[in-house]
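In the part that follows, the structures are each spelled out as structure tokens.
In what follows, chain A forms one complex with chain B and a second complex with chain C.
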Partner chain A sequence: MDFIFSKRAKITFSILMLIGVIAMIFGFMNDQTDHHNRFWANIFINGFFFFAISLGALFFLALQYATEASYMVVVKRVIEGTSQFIYIGAAILIVFFLAGTFHWHHIYHWMDPEVYNPDSDHYDAIIAGKAAYLNQPFFWIRTLAYLGVWCYFAYLFRKRSLMEDELGGTKTHFKNITSAAIFLVFFAFTSSTASWDWIMSIDTHWFSTLFGWYVFSGIWVSAMIFLVLVTIYLKGKGFLPAVNKSHIHDLGKWMFAISFLWSYLWFSQFELIWYSNIPEEVTYYITRIEHFKWLFFGIFFMNFVFPMVILMARDAKRTIGYLIVVGLIIFVGHWFDVYLMVVPGTLGELHFGFMEIGMFLGFLGLFLYVVFNAFTKAPMMVKNHPYLEESKHLHI
Partner chain B sequence: MADKVIYATYDDDTVLLEGAKKLVAKGVHIRDVFSPFPIHGIDPVIGVKQTRLAICAFIYGLIGLSLALVGMYYFMIVDWPMNIGGKPNDFFYQNIPAFIPITFEFTVLLAAHGMALTYFLRNWTLPGVEARNPYPYTTDDKFVMEIHPADNHVTVDELSQMLNETGSILIEER
Partner chain C sequence: MQQEAAIREPLILGEKTYGQITDDVMAPVVGKANRSWWIVFGISAVMALWGIGCILYLLGTGVGTWGLNKTVGWAWDITNFVWWVGIGHAGTLISAVLLLFRQKWRMAINRSAEAMTIFAVMMAAVWPGIHMGRIWLAYFVFPLPNQFGSLWVNFNSPLLWDVFAISTYFSVSLVFWYIGLIPDFATIRDKVTQAVPKKVYSLLSFGWSGNAKAWNRFEEISLVLAGLATPLVFSVHSIVSMDFATSVIPGWHTTIFPPYFVSGAVFSGFAMVQTLLIIMRKVMNMEDYITIKHIEYMNIVIIVTGSIVGVAYLTELFISWYSGVEYESYAFLNRATGPYAWSYWIMMTCNVISPQLFWFKKLRTNIMFTFFMSIIVNIGMWFERFVIIVTSLHRDYLPSSWTMFHPTFVDIGCFIGTIGIFFVLFLLFARFFPVLPLNELKTILKSSGEQYKKHNQEH
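Moving on to the complex of A and B:
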């Protein structure tokens, strides 16, 4: 069945984007912070958050291929469509990094060449010690490599999926397994390094070996939340007749399980640094606890306790109402998680107002518009996938 | 005839499942099914209620959680406050991150052991207890359905007839 992008949805998303544009313009003009850092921080928070959702969807798709899982075949087009935002997300990130290179913002303190100059007043011995890794040419090589390869795989899986509809047989299926395995190995490595380069380097002096996994679990859980919500929406509109309660249950289980993974890694990072109490490590948490105390701990409890208490029972994961309520709460929660990765290191204290809300809504509108547009490009149900029949009869 | 029991043996789980569906549709009450592995989808057919083991596990977990927290509070804050790495130990909340790993482990420990013990007790499959299995080959490759004619108000012959139609390879009366 083909997806019809309703006029109402189009108008809604366009209004959201308009709000975003207004928020950007007014935010930029009223931004009193140095180098409009607040504005650029918001570009990065939203750009990364929505890019991460499509990246997480791409990862989840590759996971389905590599494990030859059958249960998600009927929602494969939903996962694929979500991953198609990755090109625009990557473009937004590149614009943001370019702005850093041209010193339009100072989110990345280490991009200033003065900190590497021993004669300068701004010389920073710690950052200069990291120069072998943290220098602009190498940063750009890495960034372009991550984005290029990820986008290539998103393009490849999409092309193969459409090809499979035409050709049939199992050839595409086996090719996908190999490609997915290669992607997963690449992603396992680069999801960590990308989070160091893009996010951890904001707090240049600070480091945490666990940071990559923490960011990755955030990426994954955001993607799962979005997939649950959008699947429920599409099923409610009647575009996914083959999806039954068991598929929703399985998606709900993922949302539940990865919330635990995220909470586990969030807490592990906090616990180890709290326990060892080494000055160069605790600074990260001191900033967050001094200026963002309620938000910081509140987000953790929200993202951990809501899924745990509400979604633990089997029936809750099969009830659409519970999934929507919990999903929406932790969706916002994980946006704030990204907010708390970026803002304390760039602005130092809480800035939250019309600009933050407006830009979040604007990017949400853009994201949904692109994803829904991708849904219209292909039939919502795959044809000729070897496990399609098995997936239709999923029963748990 | 009240203590008569009919055992129908099958050599395939799908045949048994389909047979059970037909029998239940005719109003026959199936007391139990013995099989070497869980048969997917048999529970609702023969009217086995959803397990309450999960609720037990949750309660055991809660007990573990509270016991661990109360224990830590007493040992580390009230009875003998210890200075470990200069961490403040005057109040419970100041030290709570240090207690989380133990709390987590104790919750899992109690939930897992409680669940296993409850399962064994409820099934009465404790060590040394004699197995209540009518046919040892149901632990290998056969599947057996247990029907009590007393539940059903039909004669043994009628029941045998019905079971034959479902593809049972052996029908025995004990």
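Moving on to the complex of A and C:
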């Protein structure tokens, strides 16, 4: 069945984007912070958050191939469509990094050449010690490599999937398994290094070995939440007739399980640093607890306790109402998680107002528009996938 | 009946019937042990006895008989403890996590993997026990009422959390394993003819009747236990890692430890499962049930977890430099180039580099190579703990107290002893227990059995 992008949805998403544009213009003009850091921080938070959803979807797709999993075949087009935002997300991130290179914002402290200059007042010995890694040419090589390879795989899996519809047979499928393994290996390294480069380096002095895996779990869970919500929407509109309660249940389990993974990593990182209380590490949390106390502990509660308590029961994961409520809450919760990774290191204190809300809505509109548009480009149900029958008969 | 795609490979080979599965699994239980069983059992028993002798000597004389010194106050004891706990991870992962992921191939291996888990955790528990010096006061590790005086456990200590985590893990694993065994014991009870074994298996099977209600409850409790055991798989080794990571010792204090230890534990656990099962399938003629495909799947788990561990090693190494903290950087530099560099490079070779050979399908479906690699991984994972523990301690903040650690014969003897005891227990298990979950296997015969798959394809 083909997806029809309704007029109403188009108008709604356009209105959201319009709100976003207004928030950006007014926000930029009223932004009193140094170098418009608040504005740029919001570009990055939203750019990264929605990029991460499509990247997470791509990872999940590759995981399905590599593990020979069948249960998600009936929603494969939904996962693929979600991954197609990755190109625009990557472009937004590139604009943001370019702005850093041109010193339009000072979110990356280390991009300022003065901190490396021993004669300057701004010389920073700790940052200078990291110069071999944190320097602009190397940063750009890495960033373009991650984005390029990830986008290539998003393109490749999409192309192969459409090809499989035409050709049939199992050849494409086996090729996908190999490509998925290659992607996963690349992703295993680059998801960590990308989060050091793009996010951890905001708090340039600070370091944590777990940081990359923590960011990865956030990427993954955000993608799972979106997939649950959009699948429920598409099924409600009748575009996914093959999806039954068992598929929804399985998606719900993922949302539940990866929320646990995220909470586990959040806690591991926090607890070890808090317990050891070593000055160079603990500053990171001191800033967050002093200036963002409610938000900081609030999101942990939100993103862990809500899904745990509400989705523990089997029936809850099969009931659309529960999934939507929990999904929406932790979707916002994980946006705030990204917010808390960026804002304390750039602005130092809480800034939350029309600019934040408006820009979030604007990016949401853009993201949904692009993803829904991708849904229209291919039939919602795959053909000729070797596990299709198995997936259609899923019953748990 | 669930549909199974044609391209999935069969998990039970040959023309099996339900009756045949029962007979094949019961064969070692009702038959006599063969010569090779007795030989291996004999060797293990000698190792165990030597180990018990060393432990008794240790308890009689004191912990000074180990090679510990003022700087390296923790060495083989804690290395062996973590090694054994790590091995004890695969069983519950296979039985719980793979159950939740509906992996049918787990059914051929879960019983023996769970048994291995239980024995491995028992061997792990030996180490803190004998390290206490006065083992008869071991109950002090539990928070007991204050009638004992003012001594009270320290709730802030990860060592105490370990006591809770490991005892919980052990209890849940044991219950999980035993509940799975009940229907199979009942099958044996119904089949054996001699009076004494019939009586014993009848007791062990708790009067299992096999009616629909019993099966229904059996499946429900399995799911509930799987749900409970899954967080335990994570918690146990996370807390073991906190024994080190909550400290301020460079090389120990790093935030990646919890998930990295969990992954390493699964890695070593699967290696031990491979070591045991590759022998067992041969000696007990289980090749039709534990197929090359099973071995390949386990090897894939080994590549994945080994690579995660590899990413963690590199992350630690990189961040130690990136941090700009000189103690942190030195700890890692010392590991890679210091007097213990040989152990670091053994670890790197065994855990990170050699498992990558499993990317070749030819190698990961080769039984001899897999067996060889499983031993390599076991060695590598032992050295990983040794590297973390000893190299971080032997050169501390005060260069005048820098020293080396040399194990004594008691260190070595106790370690060999736990290996001996472990194998004795496992061999007894293989002799008297149904080593495959025969009743569960029957549930996949018609969807994943070779002849049924052929039949389904033709129609």
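Rule of thumb we're sticking to: the second predicted complex is superposed on the first by the 396 of 396 C-alpha atoms of A that agree within 3 Å, B and C clash if a C-alpha of one lies under 4 Å from a C-alpha of the other, contacts with A are read in each partner's own complex, and residues count from 1 in each chain.
The working rule: a contact is a pair of C-beta atoms (placed from the backbone, for glycine too) under 8 Å apart; a residue touches a chain by one contact, two chains touch by 3 or more.
Quick caveat: nothing in here was measured; it's all calculated off a predicted structure.
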Side-by-side fit of chain B and chain C on chain A, or clash: clash
First, second, both or neither for A:275, with chain B first and chain C second: both
Partner chain in contact with A:386 - chain B first, chain C second, else both or neither: second
Per-residue touch tally on chain A - higher for chain B or for chain C: C
First (chain B), second (chain C), both or neither touched by A:349: neither
Partner chain in contact with A:2 - chain B first, chain C second, else both or neither: neither
First (chain B), second (chain C), both or neither touched by A:188: second
Touching partner for A:290 - first (chain B), second (chain C), both, neither: neither
Partner chain in contact with A:395 - chain B first, chain C second, else both or neither: both
Intersection of the chain A residues that touch chain B with those that touch chain C: 271, 275-276, 395
Touching residues (chain side chain A, partner chain C) in the complex: 68, 70, 126, 129-130, 133, 170, 173, 185, 188-189, 192, 196, 205, 207-213, 253, 260, 264-265, 268-269, 271-273, 275-276, 278, 280, 386-387, 389-390, 392-396
Chain B to chain A touching residues, read off their complex: 40-41, 54, 58, 85-87, 97-98, 100-101
In the complex, chain A residues that touch chain B: 267, 270-271, 274-277, 312-314, 395
Complex interface listing, chain C residues touching chain A: 2-8, 100, 102, 231, 234, 238, 242, 245-248, 253-259, 307-308, 311-312, 315-316, 319, 322-325
